[in-house]
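Here subunit A shows up in two complexes: once beside subunit B, once beside subunit C.
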Partner chain A sequence: MIALNIQKELQSTDGKMLLNLNLRINKGQLVTLYGPSGVGKTSTLRMLSGLLKPGEGVITVNDTTWFSTDKDINLKPQLRKIGYVFQDYALFPHMSVLQNLEFALHKNQKSNIITELLTIMELDQLKGRKPDTLSGGQKQRVALARALVQKPEILLLDEPLSALDSTIRLKLQDYILKVHKKYSLTTILISHDIGEIYKLSDWVFVLKDGLLIQEGTPSEVFISKKVSGKFKFTGEIISIEKEDVVFIVRVLIFSEIVKVIAQESEIQNLGPGDKVIIASKAFNPIILKLE
Partner chain B sequence: MNWEPLILTFKLALVTTVLLLIIAIPLCYWLAYSKSRIKPIIETLVSMPLVLPPTVLGFYFLVAFSPNNALGDWLNGTLGIKLLFSFPGLVIASIFYSLPFMVHPIQSGLYSISPSLKEAAYVMGKSKFSTLIRVLLPNIKSSLLTGIVLSFAHTIGEFGVVLMIGGNIPGETKVASIAIYDEVEALNYSAANSYSLVLFAITFCILLMVYLINGGYLKKSRK
Partner chain C sequence: MNSFKGNISHINTKGNLSIITIQINDKIKLKSIVVETPKTASFLHINNEIAVLFKETEVIISIDQNSKSSVQNSILGTIKSIEKGALLSKVNLATSAGDLTTIISTDAITDLNLKIDLKVTALIKLNEIMLSNT
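Entry: the complex of A and B
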């Protein structure tokens, strides 16, 4: 379990801001930090990884103290065993994909993890390439693979998918889920994308002006009226295809892709990536028990 | 033509450049990443040789290294090192004189690297030293090359400092620029011309090489 109770004065665009957070993250969870830019989400990850020193407070991970102002403990980032995927990927430009992964190895660590990661992330074809010849999505996969070479218990993802287009983003979300489960990681994600948060995370922390203002499961946080009689979901359009006289709209709702039939007039202002509400009137949903 | 002054010039430039590189890398690392309050003062001192007449620098070295002075006396008496009118003295003076030419490119090279590269290496458990050697320096190759070449070329072109503390001892302190001055004073223009021509040609070639390499003109395929 990660327990984080920290204060830190940050310089934001509108002057000084006090970041004051008390978070608890259970082992094995995938949690999201959600909130507008400049509320201290990245700073929180940096403090957890030891790259930024908190002003005051305590950080403990699995009963080990990583930081404590009272006990004067500040574990170096080198010793924290964290996988960190930076917003700008931070791939080493002078090394090939394979060399980037090899660089991350511990002393005396066997290199079979690299073969495994190259396969999982489907990077085998690209292993000889230099980062500047890769596309954004490919770079992101390399960065994710590299962060996992040391078999960390904690994975930090700083807006990993914000710069990618929606199709690639969906694919990468699958990779993140896959490695999160396979390596039993505790993952902290920064994201602005509600669809992405729904799909990936177990728990959401909503930050505003340096404070935690709300936490809960994605549906608790993002659906205002929790119990409604309506058959209504929010989703994201994946694709729109014409078929005979109607249009097939594929919408991602949670982690399911749903096909909806629409008339030409309905899809006039819609395009892939748009957030939509799928609702139904005068219609009785059937409930079936899952085995 | 007597080649000795030219050989001495290149020996001085080579020794100075190697020592400068060793000194400048840790200094630049500190300048690039330190938040110390004395940093602006150190930056100013490093840049002083750019604007100060070389004779001023030479004059203070002359005073400092003089056996009449505490430092010079101690060096001479205790350690038996004589820095005035000697090759080691020239090397030390040249290091100060060419310091900004080595420090500025490397420092701006380090500034240009995204801090996340360094941080990524740290969270992978790499030490600061290993990060410097394996991540930072390989990414500022062109800055290193620029620093090395500019310091080398600048040391070749040194005159005022050498004149003040080196004098004109053949094989010891008589570098090419001094030899040219000497020949001109003796109205021996053709000898002065041959030294000058060699220096001109060599410095042209060195600088051309830097622009070719850093401009990527030598790479076979530019993508």
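Entry: the complex of A and C
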């Protein structure tokens, strides 16, 4: 269990903001911090990892105090057993994939974890390549593997997939889930992508102006209260095409594309890339057994 | 999507299902069946204001105002406009609750001889009406 009760004055675009959070994250969960830019999500991860010192407060992880202003405790970042993945990969450009991973090893740490990670992340074929010869998705797989070399207990993912296109993003989400489960990690994700949050996370914390304003499962936070429809999914609009007096809207839901007939009034403020809820009554779908 | 606001006037629950009656105005009452009960959905209580939503493609148009059918919801209206397409057409109705849009086959427009200012009945099955908390 991670218990974080911290205050920190931050400089935001609109001037000073007080980040005042009290979060509890159970061991083994994958949780998401959700909210607009500049509400303190990245600062929260930086304080948990020890890269930024909170103004005041307490951070305990599995009953060990990592930070406490009262007790004057501030555990060094390298002792916190945290893996960190950023949006911009942060790989060493002059080193190969393998060297990037080896560089992350502790002194005296056996290198068999690297062989294991190369296999899990399907990087074996790429291990001799330099980062600038890799695609964005491949680089992020390396960055994810590197974050796991020191066998962290906590994985912090700061918008790791936001620079990638949707097909690659879906693939990377699978890798994240795979390592989260395999290494029994407690993972904290920052994401703006509701479909992604839905697929990956057990719990969502909604932040606004430095405060926790809502928490719950993804369905509690994002959809349950809006409509009573029982056949309900979140997705991303791929295309909108006019056909006769109606519009055919293609929506990506997880990895499937569905088509929905819509009216002009429904699509007025919608375009490709927008996140939407698709809902129907529980009475409409038919069920067929797959042979 | 058609959307009208109203107040819940009756709730009939059996097991996991409820039939909710919503009073839209003094003339129009709509019924919706949902897989919810007042216990599972906090917005299901008498007098609560909610929105009823239904797709344009789920609205049946009848020119016989006294016809009997199993459809529980009917709204009287006058045709305001018809936008004809090759296969489907959009028919807009003026009703006492406001505008209502339906999408029906273009052939039906011809078969029923639908014209502007004609008085018609819009029929919506109770399992096609969705509820939304306002």
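Convention: the second predicted complex is superposed on the first by the 228 of 291 C-alpha atoms of A that agree within 3 Å, B and C clash if a C-alpha of one lies under 4 Å from a C-alpha of the other, contacts with A are read in each partner's own complex, and residues count from 1 in each chain.
By definition in this document, contacts are C-beta pairs under 8 Å (C-beta built on N, C-alpha and C of every residue); 3 or more make two chains touch, one makes a residue touch a chain.
Just so we're clear, the structure is a prediction, and the values are computed from it rather than from any experiment.
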{"item": "Contact breadth on subunit A, by residue count: subunit C or subunit B", "value": "B"}
{"item": "Partner chain(s) touched by A:P93 [first = subunit B, second = subunit C, both, neither]", "value": "first"}
{"item": "Partner chain(s) touched by A:I82 [first = subunit B, second = subunit C, both, neither]", "value": "first"}
{"item": "Subunit B versus subunit C as contact partner of A:A104, first or second or both or neither", "value": "first"}
{"item": "Set intersection of subunit A contacts, subunit C complex versus subunit B complex", "value": "none"}
{"item": "Subunit B contact footprint on subunit A (complex, rising order)", "value": "49-51, 76-84, 86-88, 90, 92-94, 103-104, 106, 133, 146, 149-150"}
{"item": "Subunit A-touching residues of subunit C, taken from the complex the two chains share", "value": "1, 33-36, 41, 43, 53, 56-57, 83-90, 101, 103, 127-128, 130-133"}
{"item": "Of all residues in subunit B, those that touch subunit A in their complex", "value": "114, 116-117, 119-127, 134-135, 138-139, 223"}
{"item": "Complex interface listing, subunit A residues touching subunit C", "value": "225-230, 244-246, 261, 263, 265-266, 279, 281-284"}
